[in-house]
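Each in structure tokens, the structures are laid out below.
Next come two complexes, and both contain chain A; in the first it sits with chain B, in the second with chain C.
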Partner chain A sequence: MSDFVPRQTDSATDVLEVAPIEETAKAPKAIVGKSPGQLAWFRLKQDRTARSTIWVLGFFVFIAVFADVIEWIYGIGPTVNSPDLLDTTGQPLGYLGGIDFTTDNPSGHIHILGVMPATGWDVFMQFVYGARTSLIIALLATVISVIIGIFIGTLAGYFGGWIDQALSWFTDYMLAFPFVLMAIAVIPILNTRLEDETGYVTVYERVATIIVVFSLFGWMYTARLVRGQVISLREREYVEAARAAGANSWHIMFRQILPNLWAPILVTFSLSLPATVTAEAALSFLGIGVQQPTPDWGRMINDSLLYMRSDFMYLVIPGVSIWALVLSFNLFSDALRDALDPKSSR
Partner chain B sequence: MTETVDAVQLDTGWKAAQGEPLLKVENLIKHFPVRGGMFGSKQHVRAVDGVSFEVRPGETLGLVGESGCGKSTTGRMLVRLLEPTSGKITFEGQDITHARRGQLQRLRSDMQIIFQDPYSSLNPRHTVGTIVGMPLKVNNINPPGGVKKRVQELLELVGLNPEHYNRFPHEFSGGQRQRIGIARSLALRPKIIVADEPVSALDVSIQAQVINLLRDLQRDLNLAFVFIAHDLAVVRHFSQRVAVMYLGKIVEIGPREQIYNRPAHPYTKALLSAVPDATRLGESVGRIRLQGDVPTPINPPSGCRFRTRCWKAQDICATQEPALSVKETGSLAACHFPENAVLIEN
Partner chain C sequence: MFRFLIKRVLLGVSTLFAISVTVFALFFMGPADPAASMCGTKQCTPVQHERITTFLELDRPPHEQYASYMRGIFVGRTIGGDSPDAIECPAPCLGINFRTYEQVSTVIGRTMPITFSIVLGGAVLYVLIGTGLGMLSAIKRGSIFDRIASGTALTFASTQIFFIGSVLLLVFVYQTDLLPLPKYVPFTESPLGWLGGMIVPWIALGLINSAQYARLSRAQMIETLSEDFVRTARAKGLAIAPIYFRHALRAAVTPIVTIAGLDIGGQLGGVAITETTFSLNGMGRTAVRAIDEANLPVVMGIVLFSAMFLVLSTIIVDILYSVIDPRVKLGTSGGH
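Moving on, here comes the complex of A and B:
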């Protein structure tokens, strides 16, 4: 699956499919060695979907990383109260939720995505910092759960026997939990344990709780995938060659087998990342994720439902953000899978 | 049974001048458990069922037979990739049948294996340098001048450009890949190499190159080979002695010329008659066509295992298993009615 060279057993169409890519890859200079990873990167760059989604994802990552810089340039923070921008019922003045590209207003700042009802917070800065919250939680939770999955899957697949049976049983056991119900039950309990005398839980503790819960309930699919792949790869002759040379199990698992699994692991990773973004938004929407005043897209949607009739834009902005991020991630993972495994058929 | 012992001793006397055998295999057995049906009792595939032979330093023993006769299983047991069910393997006078860590470590460096499929025997994610240097690395050997220098020497030794150190396997042809596999097996300076059909996956034009390379290496490094193949012409070219296997047993073993010119066992004769000969093109005289398929190794025939397909089979063949004994032709064969010979005993 990670071998990009057409084998002898391949059908003629396969050879025809792969050959032109290699020709263009190698034509300019005489012979330049390319690793399988470099070839995959080359194919990814050829893919129009991948190129456009990389820009969208790059935009979200950029605003998440440079949120502070954006705040400095933009001139106003995410949680600055501006009651003067609201009417007496708490609704934003002006059109489309108070969108204003001029500084000719009581707050003295531009509000390119309008302001929030009731508080007058700037929606654009909420969106920028919300991207940071979403991406940090999703990234850390996915990385941790994929690492757990790799370990459990590799051990189960490589050793087989009762180790495999026990670990597979445990994987199925964990899969049987309804995740959202578990999260609703577990997160408040954990937060109650973490809170100080006044009942206050810091933002970091809340975020850490969410990450831990996502990691503990998110590794099973990776584990299953890795287990299956390891079972098929451990019979390869290069694994036997390593064993015949005296390599220990650790070397075989993590030096011989795992490098051949980066392709499927990368694809699972990029597929489960947007799923985590959605799930995190869902938790915040349900009120058990991050809380006010931490900016978060899911929490913004939750908040916006109160004003849905009068201030429609407030609902649209976080909704479209989540939609764009998740769609880009999913399209990107599809393109990534095609690039890493050119022989797979859709 | 006594005849068998005598026979083995006679075989040993064949080249007594060369002293102790490097590798001695006695009554080696490998049974694989298989499940027979839902409530079926546990059955065993008798892949290798009592194989005995010896290999002297610098000598090549050819192991031939059709698919599924246990050649590869035997080879894998020799390098301890498979644990023998019973029997005894002696290497340089030491019993290594169930060698554990420390002893195994030393054994690994003295005994290496070359695999059949050059496409699956090299890790597609590793560079040639990593692949060839792997045995040094896993054994923590730091050769004078560094691993890289040693790897480049090895590449040169097998006729590859040492500057291809940083390339990946997919950039090489089948023959070159097999050379990389050979370089890897030479990295630990072994005394004996088990070559498991090293050329059967290659083009005929490349086969000769690789065989000649192996022969040069054998001469220069005084290597012993257990050369597993189903191509009789290749074995004849490469081996001093030949063992013919059928259904998990050796049916005939002896010096090359005896096996090829004066086969004693009917199966050997049938195998040889199947080799295409350009000088006898169009003639069908002399071609022995064996009827039927190889019986299942789960439940092999009683007595002589070849009797179901043998044109000479009589009642005694079904009841009494013929032991390996010296036949008139000079080789050791397990047959009640050998070719070109009258029985020595009975």
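Moving on, here comes the complex of A and C:
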């Protein structure tokens, strides 16, 4: 806004000083130029769904980032055994999976979401650290796969010809793999490459493996989208102008064309994020995601199936967590798409 | 049209070939020793290990094993070579299950009907429900019904099959006995049993997948309903129903066919997570187990099968496109 308030640049205009001030004062409705980004941000702020989902997403990010602080305040870690909270068959004592808001129990801590059967681990802390696992994997995997997709899509779309044919074939080839089966086959192979002499793979290496596999099999839709967009943009005048001015292909692709694509790329990113959260949970559900003792929502659901008839809360808590995270991502990306595309209407 | 088809089929075949090489290579990069896992860890003597290895030709270099595998698919082969209990494996030979010595084609033949029942039944349900909801929402745009329908659809679309499936099992099967336990009964044996055993997986798939069809058909319908030819039809005094069904729906069908074709094509090769949730031994769950057991031929067979369905479905969708929408010219748009 400040750009539109006339500035005094030299003393010769002092005489005319009165006029511009009067003009700004009486013309508050003057048309203010806004960049597409500002417009989108403005529309997003107006959107009620977007505002409320931001709070939910913010909550998940908050607990993921400050998991250690929450543990310190809460008083008990995610993997503290409390066999005294369980009956002889390993079921949590008390109601709804051992939910307890008082410290009047054998562990001496509150358990606001109950405890896990068989181990007595606190479900709330598992939930908190599970958010960290889920968000780190989903975020990094999506960022990497979108970057790969942008790169391959731009090259294919810009150069065309045999480069386009080869890259498009490669994209189709990657798309024809059954993802779940490939992930199950590739993750153990990568893990054996990383393990030390005793066969131990660190948590970081396991997480890295999962991120690599997701990135490897996740870039194809972005690549297709970007390729199509680049093809439609590469004949524009500004590209020709840049070429005439002597810019090289790299500059044209990534400095001239790519900045025009940020809107669709942002939308793909926000759509593939919840898909990755779901896929990560699904892999853990099948038992090939992160391993114990790293908390993970998908694996919690898998564990809970054994106990679901007696302790359904243990199934519901991780299930609802994944659902809430995915739903708010989905709602937010809808709002984002509407904000970025003025023609869209819901 | 014909040239386009030839080109697409050739591309598809090259993709399948590359996938078969990749999966084969992956297994030789892997740690597993199939002979050891077959033989059992306790009572396995070196002699037994040796015999299994030679019987399954695991001692030959990977490229030779690959060549004989590929030959087997086209002309058949004899597994076990000169040994007395060699297994004859006729023409589309996908090798034998390392564990049970059953032919992989038999394994696929046994598990395929299960996967097909789950996927096709589920697809009928979610395409019909989704499209129906979407159409109604478009006609009653902005109404309470529209809002509730979109909201519910999105809510279910954000759940995961392993969660909603388990909840359905718990509530409707274990606790109340309202629905039968998921199991596979061949249709030829008892159509009602088949229906009963599949109903819970279908409901779960329907709940999760309807949303995208509802959304798509709603958007398409709204767009078409505002077009000139619909207004003309209305002005002519045509009844409402034919306008919706014959004119507006037809335009909405193209994108729905695309998405449904690709969805179904992707799922026919096995829906591992759905099958695991409902303990149904379809192709997906069988492949997941086979990977654990380093059972290369089974994994290979199922991966190739599912890749084939995916490639086929993209070709079929392209052809259907030109049938439904005569404006689409095959082969001139660059293929994609």
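Things to note:
What we mean here is this: the second predicted complex is superposed on the first by the 310 of 346 C-alpha atoms of A that agree within 3 Å, B and C clash if a C-alpha of one lies under 4 Å from a C-alpha of the other, contacts with A are read in each partner's own complex, and residues count from 1 in each chain.
Criterion: contacts are C-beta pairs under 8 Å (C-beta built on N, C-alpha and C of every residue); 3 or more make two chains touch, one makes a residue touch a chain.
The structure presented is a predicted model; accordingly, all values stated were derived computationally and were not measured.
With both complexes placed on chain A, chain A has more residues touched by C than by the other of chain B and chain C. Judged by the touch definition given at the top, the superposed model places A:49 against neither chain B nor chain C.
Judged by the touch definition given at the top, the superposed model places A:309 against chain C, while chain B stays out of reach. In the superposed pair of complexes, A:240 makes contact with chain B only, with no contact to chain C.
Once chain A of one complex is fitted onto chain A of the other, the partner contacts of A:319 are limited to chain C, with no touch recorded for chain B. Contacts of A:301 after superposition: chain C is touched, whereas chain B is not reached. Once chain A of one complex is fitted onto chain A of the other, the partner contacts of A:176 are limited to chain C, with no touch recorded for chain B. When the two structures are aligned on the shared chain, A:285 is found in touch with chain C, with no touch to chain B. Using the contact criterion defined above for the overlaid structures, shared-chain residue A:79 touches neither chain B nor chain C, since it reaches no partner. No residue of chain A contacts both chain B in one complex and chain C in the other.
Chain B meets chain A in the complex at residues 76, 79-81, 104-105, 108-109, 112-113, 115-117, 119-127, 131, 134-135, 138-139, 166-168, 170-171, 174, 181, 184-185, 187-188. Chain A contributes residues 168-169, 172-173, 175-178, 180-182, 184-186, 188-189, 192, 224, 228, 274, 278, 281-282, 285-286, 298, 301-302, 304-305, 308-309, 312, 315-316, 318-319, 322-323, 326-327, 330-331, 346 to its touches with chain C in the complex. On the side of chain A, the complex with chain B involves touching residues 2-5, 7-8, 31, 33-36, 236-238, 240-248, 251, 256, 259-260, 262. Contact residues of chain C toward chain A in the complex are 11, 14-16, 18-19, 22-23, 26-27, 29-31, 150, 154-155, 157-160, 162-163, 166-167, 170, 174-175, 266, 269-270, 272-273, 276, 284, 287-288, 291, 299, 302-303, 306-307, 310-311, 314, 335-336.
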